[in-house]
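Before anything else, here is the set of structures, which you'll find just below.
Each of the next two complexes has chain A plus one other chain: chain B in the first, chain C in the second.
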Partner chain A sequence: MKGYIGKILFVNLSTGDIRSETVPDEVYEQYLAGVGLGVHTLYQHIPPGADPLGPDNMLGFVSGLLTGTPSVVTGRWMAVFKSPITGGWGDSNCGGNFSPAIKQCGYDGIFINGISEKPVYLYVDHKIAALRPADHIWGLDAVDAENLIKKECHKTKKPVVAVIGTSGEKISYISGIVNDGGRIAARSGGGAVMGSKRLKAVVLAGTKPTGCADPKSMKVISKELSAKIRKANMPVRGGIFSLMGVVMGGMKRALPMDGMLVSMLMKRWGTISNNTLGVTSGDSPIKNWAGSVVDYNWPYFRNLNPEKIMKIESSKYHCYACAIGCGGIVDIAKATNGVFIHTHKPEYETMMAFGGLVMNKDLNTILYINELLNRAGMDCISAGGTVAFAIECYENGIITKAMAEGLELNWGNSQAIVALVKMMIAREGIGDLLADGVKVASRKLGVSGKPFAVTAGGQEPGMHDSRMDPAIGIHYSVDPTPGRHTIGSGQYYDMLHLWEKVSWAPNSGVYLKADEYIPNEKTALKTVAMSCYKELTDGAGGCLFAMVLGVNHWRLFDWLNAGTGWQKTPDEYMIIGKRIQTLRQMFGIKHGIDPMSFKMSARMAGKPPLQAGPNKGKTVPIKEMMHSHWKAFGWDEKTGIPTRATLMELGMEKIALENQ
Partner chain B sequence: MFVPAFINHENVDCDGFVTINDSAKMTDLYRQLKLPFPLRLSILFFVNYEQAKWNTRLKDGDTITFLFPVTGG
Partner chain C sequence: MASKIPAFNYDTCIACNICADICPLSCIDMKKKGSGSIKKLYPILALPDTCTGCSICMNGCPVDSITMKSTVLVNAKKSYQPSLDTE
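Now for the complex of A and B:
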């Protein structure tokens, strides 16, 4: 018993063939589970040139290695696939209760290829795995479909469901996979892949326990962390965050921080604690990355005060085995005139994508859009980025009022924004053109490469400004899933304290913020360490908000040793992280990706620089920083392709030979 | 110790450790850090992740976290 099950399930929707396969221990020792097992499996099974929406693409649902063990905040599952947005590696993870359910069926992962003739769902428990007709739920939104399936399949155990909404069915490239009533593995276009396979849902109802090597030691670590989180409370109100942001944006120096502060924020407010702080500090991109707090000022951002949302929070919830509990359910009956009763507490990303990014100050419309997108299964970041793009197209006469079917797509026109989102979900009119995101829409409108088509490698970026934190810009540009805000940032690194465990991870020390804008070996090593540790986290099923507590609080290395019995050093684990990241990169290379094409848009790098606000005058030499990161990773400095020497060093000889 | 970026770091080593006298209180630590008086009033502090008071006594191995807007980064 090593924390993992040692088996995966393969399902071919074209032939109906279902079979399980034993995974050798060496694979887990080299890649863990989660994203690692996912990329190891998909690299072998998806042929080069495979159409992301064709039968050769494989969609995996993979549990983390530590999920189901006595560790805490390790309950995330990973969707893995070839991305229809980038044509390269795609993954996205989500919390809730789906990750342990995979293991309770007796598998670490479920991998699905082929295309079904008719809509189906996959039912799995600890005894059977079967494809069942889904005609009666095809066309339902994700929440209604989940509720119906749960009733239909509820026998001895209430099943757990991952499902696509109508956006996935309509193969919108910016759709994700939904579980637990509106939580989404949103990024990279996994919903479109699932929709293209006519697979409405994966339904899990197993009851198998997950064993591990040393549960007693794992519990000791978990109890220690849980006690710290329980007693750490923030004795301030959310109204102070905008002032904190002003000070933060003006800081000239930075230094290592205590990640435990994050748990104080998360357990009380969740990610919305960054709403006003992000605007005033310069973390939040405003007006499609062309504005600042000077434009989206107090009369606007005051409506995003987290306390306004806490007033309508009716309950809090935790994901599986989470000691923090950042989730909440908010009452939106009044905000939506009774159209919806509840929604998940919106994340900061949604608040800003439909707040500052589109200059909207109407909180009610943000809450309404949150539930619309959750039910449709559409990625809020990409949807917000695409709406901001559409508004700027309208401003420049590229989209006319007639094309927008009478909508006046002006900044902050909240009713027009809601109407446009509905059109995107339904793929009606201009919404059909926009439903695949900025990359496809800009190509169809003939404006690819224009400053207002803001993406990294075709993926709309997260709501964190790379001009404020250049390291996040590096991750936006070098990660095999570009535009991803959850890989790393300078601020995350300062909270991790990796240098206390990993011999080669640089100690941040006290440093000048200005130094972050200069490409150098230390900055590159920090982003490399961050990438490797994030892949370890995703292999273990860990949550980003636990990861940033730091290695001395959320003790990933110790849990992995106790769970598996391996007794590896942190340096040895970081090699696993490096191997996973390198294979994610190699997946893209195998499928024809040029890593430099993932470079974030010029506007995100401050070219031209902003004329006002906390990020005034700041530019990020992103190309040089990408080269520097690649070199520090042991990849080719100019092309970003992992070198033969690095592949050999990581024990990836077969891949080195294939790509000779 | 996790201190704000603007504090004088000369008494804090590169790993964030500070040496204090036996039975020192938070007020003694502030004095040692040479924190200007007006700023002391606007800073929250935690000892072992619990909000502490000026007269909280410190002992070897305590983790002290200051919260003033943000502590850096």
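Now for the complex of A and C:
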């Protein structure tokens, strides 16, 4: 018993063939589970040139190595696939209760290829795995479909469901996979892949427990962390955050912080604690990355004060195994005139994608859009980025009022924004053109490469400004899933304290913020360490908000040793992280990706620089920084392709030979 | 009813819902409202008659907040409680 099951399930929707396969221990020692097992499997099974929406693409649902063990904040699952947005590696993770359910069925992962003739759902428990007709739920939104299918499949154990909404069915490239009543594994276009396979849902109802090597030691660590989180409270109200943002945005120096601060914020407010702080500090991109707090000023951002949302929060909830509990349910009957009763508390990303990014100050419409997108299964970040793009197209006469069916797509026109989101979900009129995101829409409109087509590698970026934190710009541009805000940032790194465990991870120390804008070896090595540790976290099933508590609080290395009985050093675990990240990169190379094409848009790098606000005059030399990162990673400095020497060093001889 | 059923220590429970998730018969629900400003939901044994006393929830709890209590004692306490209230 080592925390993992040692088996994976393969399902071919074209033939109906279902089989399980044993996974050798060595695979877990080299890649853990989660994203590592996912990329190890998909690299072998998806042929080069495979159409992301064709039968050869494989969609995987994988559980983290520590999920199901007595560790805490380790309950995230990951969807893995070839991305229809980038044409390269795609993954996306989510919390809720789906991750342990995979293991309770007796598998570490479920991998699905082929295309079904008719809509189906996959039912799995600890005894059977079967494809069942889904005609009766095809066309339902994700929440209604989940409720119906749970009722239908409930025998003894309540089933857990991952499902696509109508956006996935309509193969919108910016759709995700939904579980637990509206949580979404949103990024990279996994919903479109699932929809292309006519797979409406995966329903899990197993009851197998997960064993591990040393549960007692794991519980000791869990109790220690849980006690710390219980005691960590922030004695302020959310109204103070805008002032804190002003202070943070003006700081000339940065220093390592204690990550427990994050748990204080998360357990009380959740990610919305960054709403006003982000605007005033310069973290939030405003007006499609062309504005600042000077544009989205007090009369606007005061409406996003987290306390306004706390007033309508009816209850909090925790994902499986979480000791923090950032989730919440908010009542929106009043905000939506009774159309919806409640919604998951919106994340900061949604608040800003439909707040500052589109200059919207109407909180009610953001709450409404949140539930619309959750039910449709559409990625809120990409949807917000695409709406911002559409507004700028309208401003520039590229989208006319007639094309927009009479909508006046002006900044902050909240009713027009809601109407446009509905059209995107339904794929009606101009919404059909926009439903695949900025990359496809800009190509169809003939404006690819224009400053207002803001993406990294075709993926709409997260709501964190690279001009404030250049390291996040590096991660936006070099990660095999570009535009991803959860891989790393300078702020995250400062909270990890990785250097206290890993011999080669640079100590942040106290440093000048201005130094972050100059390409250098230390910054490059920090971003390498950050991405390796993030892949370890995703292999273990860990949550980003646990990861940033830091290695001395959320003791990943110790849990992994206690769970598996391996007794590896932190340096040895970081090699696993490096191997996972390198294979994610090699997946893209195998499928024809040019890593330089993932470079974030010029506007995100401050070219031209902003004329006002906390990020005024700041530019990020992103190309040079990408080269530095690749060099520090042991990948080719110019091309971003992992070198033969690095592949050999990581024990990836077969892949080195294939790519000679 | 099984001879032993889970009892929750809400002073140490972290509301992580592992117990509710791993119960093979879904007997545990996150329904108990916590006190204080943070409105967390804690576990309760929603289906005591369905519970088999298998201890999976106790073993899975990462912070040892679940103990298995004898139902003989639990029932005895329950039947004794009303007489206390009426006195």
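Keep in mind that, in the parts below, the second predicted complex is superposed on the first by the 660 of 660 C-alpha atoms of A that agree within 3 Å, B and C clash if a C-alpha of one lies under 4 Å from a C-alpha of the other, contacts with A are read in each partner's own complex, and residues count from 1 in each chain.
We take it that a contact is a pair of C-beta atoms (placed from the backbone, for glycine too) under 8 Å apart; a residue touches a chain by one contact, two chains touch by 3 or more.
Quantities reported herein were computed from a predicted structural model and do not represent experimental measurements.
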Chain B and chain C placed together on chain A: clash or fit? fit
Request  = Identify the partner contact of A:Met403: answer first if only chain B is touched, second if only chain C is, both if each is, neither if none is.
outcome  = neither
Kindly classify A:Ala130 by the partners it touches after superposition: chain B alone (first), chain C alone (second), both, or neither?
neither
Partner chain in contact with A:Thr207 - chain B first, chain C second, else both or neither: second
Task: Look at A:Pro235 in the shared chain and tell me whether it touches chain B only, chain C only, both, or neither; answer first, second, both or neither.
output: first
For the superposed three-chain arrangement, angle chain B-chain A-chain C (C-alpha centres, nearest 10 degrees) equals 70
Requested in this report: Quick one: classify A:Leu53 as touching chain B (first), chain C (second), both or neither.
Outcome: neither
- Message: Applying the document's definition of touch, where does A:Met260 land relative to chain B and chain C: first, second, both, or neither?
- Response: first
Check your understanding: Touching A:Leu243 in the superposition: chain B (first), chain C (second), both, neither?
Key -> first
Closest CA approach of chain B to chain C after superposing, in angstrom, is 17
Chain A positions within both the chain B interface and the chain C interface are none
Chain B contacts chain A in the complex at 2-3, 5-6, 9, 14-16, 44, 46, 49-51, 63, 65, 67-73
Listed in rising order, the residues of chain A that touch chain B in the complex are 228, 231-236, 243-245, 247-248, 251-258, 260-261, 490-491, 494-495, 500, 507, 509-510
Contacts from chain A onto chain C in the complex sit at residues 68, 70-72, 97, 100-101, 104, 156-158, 207, 209, 215, 218-219, 222-223, 226, 229-230, 267-268, 313-323, 325
The residues of chain C that touch chain A in their complex are 12, 14-18, 21-26, 30, 33, 37-41, 56, 59-64
